[in-house]
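Some structures are shown below for you to check.
Both complexes below contain subunit A, partnered by subunit B and then by subunit C.
On to the complex of A and B.
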């Protein structure tokens, strides 16, 4: 298994889904296929539990659902671009850029450093513009790996 | 320029619920407030305190010191007093407002 934080197969440039649950499920299915998550339902339930505590929608059209789960085998990011937008609970509207952050149970400091590094990039207009304009999944995977090094 | 330093009391650090509650409290005031993480006594690069994403990017954990500042000399002191008091509590143990 590839141990990079994010790979091209974990990027969906055209994620068209009715709601955030479907967005999380769509990206989680990619994590299962990539061998990063052992049990889809278990993982999706863990993410939903975390979302219930606090919405993960951020100003600027960003959603960052995340959780630590025993169903996760390696710290991983999956990315979905939603042309129609998906409501993640941000006050200024739906998210067009969705990052699903999956961390194994116990690996807590790494999880937080990935989240912090990603947040620092997401406040920069250049970073979000690159994500919105990229045409190839591999382009996004490489860019995010380069920018968000734990 | 009004400024304060305070140690993060929330057990989970300035993330998730504590970050959301704090950003909301900042946004309730008309003044601009910036926050930076203090490392070895030196304040790092400041971010907008009203931005949850900005706060998450700080990576301020339980026990870390942060510095708040605002350019507003008139009401800034009382605003910072309120915000410092907030960061000095375990916000994760309180219901979301």
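On to the complex of A and C.
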């Protein structure tokens, strides 16, 4: 199985959804297809659980739904770009970039370091700008992989 | 401004690292130095002791409890949520700058530890380092009980005389009109506090290892260690055992419906049962035999051997200046206090005298030969006088942290000397702590003061000599621009 953090299949450059639940579900379906999530409902419920604790939207039009779930097989990122925006509870309005981060339950730290590297990139303006401007899913997957590689 | 920060969020996947990154970026913009410890799922690269020691201010950006908060005791501290750090790290650092500005205390270093945390490789911490952190957590929670109980017991001896331990139970006989009754009461309160020592030690060692669910198994394991007569040694084993058992249980996958009640009900229940059975049935007997043998051996060192024992305990006290080895020697001495035997009181005197030596010796050396010390060390000398006089050995840590190879052996020499002399003179002490302030409780105070003074002199001479000989090397190492020390060696 491909163990990359993200592949072109996990990128949706035109994610048109009514709300954040639909956004999560849409991206989660890609995770299931890619074999990274074993149980869609279970995983979506775990993400919702995390979202309840604190909204994951942040300034600059970014939503970062994420969770650790036993339904996840490997640390994975699914990325969606929403031209119309979708509300993730940030103060300055809806998110145009959605990062769905799936982490396996009880993964060892070496495993998880790729997600840590990803999270650090999320607060870099250049990273998000590149993702806003990219035109091809494969371009995005490659860029993210290169950025988080140790 | 030098900043150390810790970030921690509930899932430990995203915000912990985003907050760290945001703080680092903001620090670069402000021109601050920052080191961030990310307490997340990708393992934590712990802040080194030196980083914590040298920091002007601590920033905690966390939505969950921060592990190892006690490391920052005495430092100005600013707290925020991870969200604040992610979205407005600059504001958090501005608050930190204000807090650092407002903090004018100098050399507030007794809480920091001198051992260098080895630089972590690949995000992993060495087993020895982690073991030491667990033990230190347990010890740090135990110390308040030692202080409260020990000083109450000392007070009761002061007012009630040597035989106060034989007074009738205050629940059966208490006469408010007599001093003896009050002394007996104070003694029994102190003894009650002492009864917590081993359980608290075990409980918080377990807590450091496996968090709150391990607390009950640890406490109960510690109490079981006391019941079977396994003492501190048993308590340490019980604490580690509870941490391992609960840590293991947490890894067992459980159905979702069970997940909520695991930390509150299942883990404490099963953990306590397992640890209790092991402590009572399996480990209790051998541990108590070992503890008895150790105590008998140390207590049996009479005559010339008593001097050796004093030197040994004194050396242990100075070897890590408040760390685990120091605490082993110290708890051994305190454990004897309740027996009130002459040997036990001599040991207590030797240990306290030895513990006063390092800060006093370094303060002396830094005053007399100021040129051999950095400006920061000379600043640490002023509080070191008071800390040494109060038997807070940790006052020597600022000196040891920057130059351990020359400072620690010198301190061991002086402390061992004081320990040996104190035993030789047969000085006694009924209080577990207090330094100069409990000298009225010392037997043979004149000779005891002499023993301490000679140890201070010895250690101060040793450290001065070590620093004089090796000054050139030391200067090259830490690149210190100390104007006064440029002459002789160059």
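The criterion applied here is as follows: the second predicted complex is superposed on the first by the 139 of 150 C-alpha atoms of A that agree within 3 Å, B and C clash if a C-alpha of one lies under 4 Å from a C-alpha of the other, contacts with A are read in each partner's own complex, and residues count from 1 in each chain.
Simple rule for what comes next: contacts are C-beta pairs under 8 Å (C-beta built on N, C-alpha and C of every residue); 3 or more make two chains touch, one makes a residue touch a chain.
These numbers were taken from a predicted model, which means no experiment stands behind them.
**Q** Per the contact definition in the header, classify A:106: touching subunit B only (first), subunit C only (second), both, or neither.
**A** The second partner, subunit C, only.
**Q** If we overlay the two complexes on their shared chain A, which of subunit B and subunit C does A:54 touch? Say first, second, both or neither.
**A** both
**Q** Scan A:21 for contacts with subunit B and subunit C and give back first, second, both or neither.
**A** The answer is neither, since A:21 touches no partner chain.
**Q** I'd like to know which partner A:70 touches here: subunit B for first, subunit C for second, both or neither.
**A** second
**Q** In the overlay, work out which of subunit B or subunit C sits against more residues of subunit A.
**A** When the residues of subunit A touched by each partner are counted, C comes out ahead.
**Q** Tell me the contact category for A:145 with respect to subunit B and subunit C: first, second, both or neither.
**A** In the superposition, A:145 touches no partner, neither subunit B nor subunit C.
**Q** For A:115, using the defined touch cut-off, is the partner it touches subunit B, subunit C, both, or neither? Pick first, second, both or neither.
**A** Both subunit B and subunit C are touched by A:115.
**Q** Could you pull out which residues of subunit A sit against subunit B in one structure and against subunit C in the other?
**A** Dual-contact residues (subunit A): 53-54, 58-59, 112-113, 115-117, 119-120, 122-123.
**Q** Flag every residue of subunit B that touches subunit A in the complex, lowest number first.
**A** 13, 15-17, 20, 47, 51-54, 56-59, 61, 96
**Q** Which of the residues in subunit A end up touching subunit C in this complex?
**A** Contacts found on subunit A: 42, 50, 53-54, 56, 58-59, 64, 66-68, 70, 101, 103, 105-107, 109-110, 112-113, 115-124.
**Q** Which bits of subunit C are touching subunit A when the two form their complex?
**A** Listed in rising order, the residues of subunit C that touch subunit A are 10-18, 20-22, 25, 38, 40-43, 63, 83, 86-87, 122-124, 251, 253, 256.
**Q** In the complex of these two chains, what residues of subunit A are touching subunit B?
**A** Of all residues in subunit A, those touching subunit B are 53-55, 58-60, 62, 112-113, 115-117, 119-120, 122-123.
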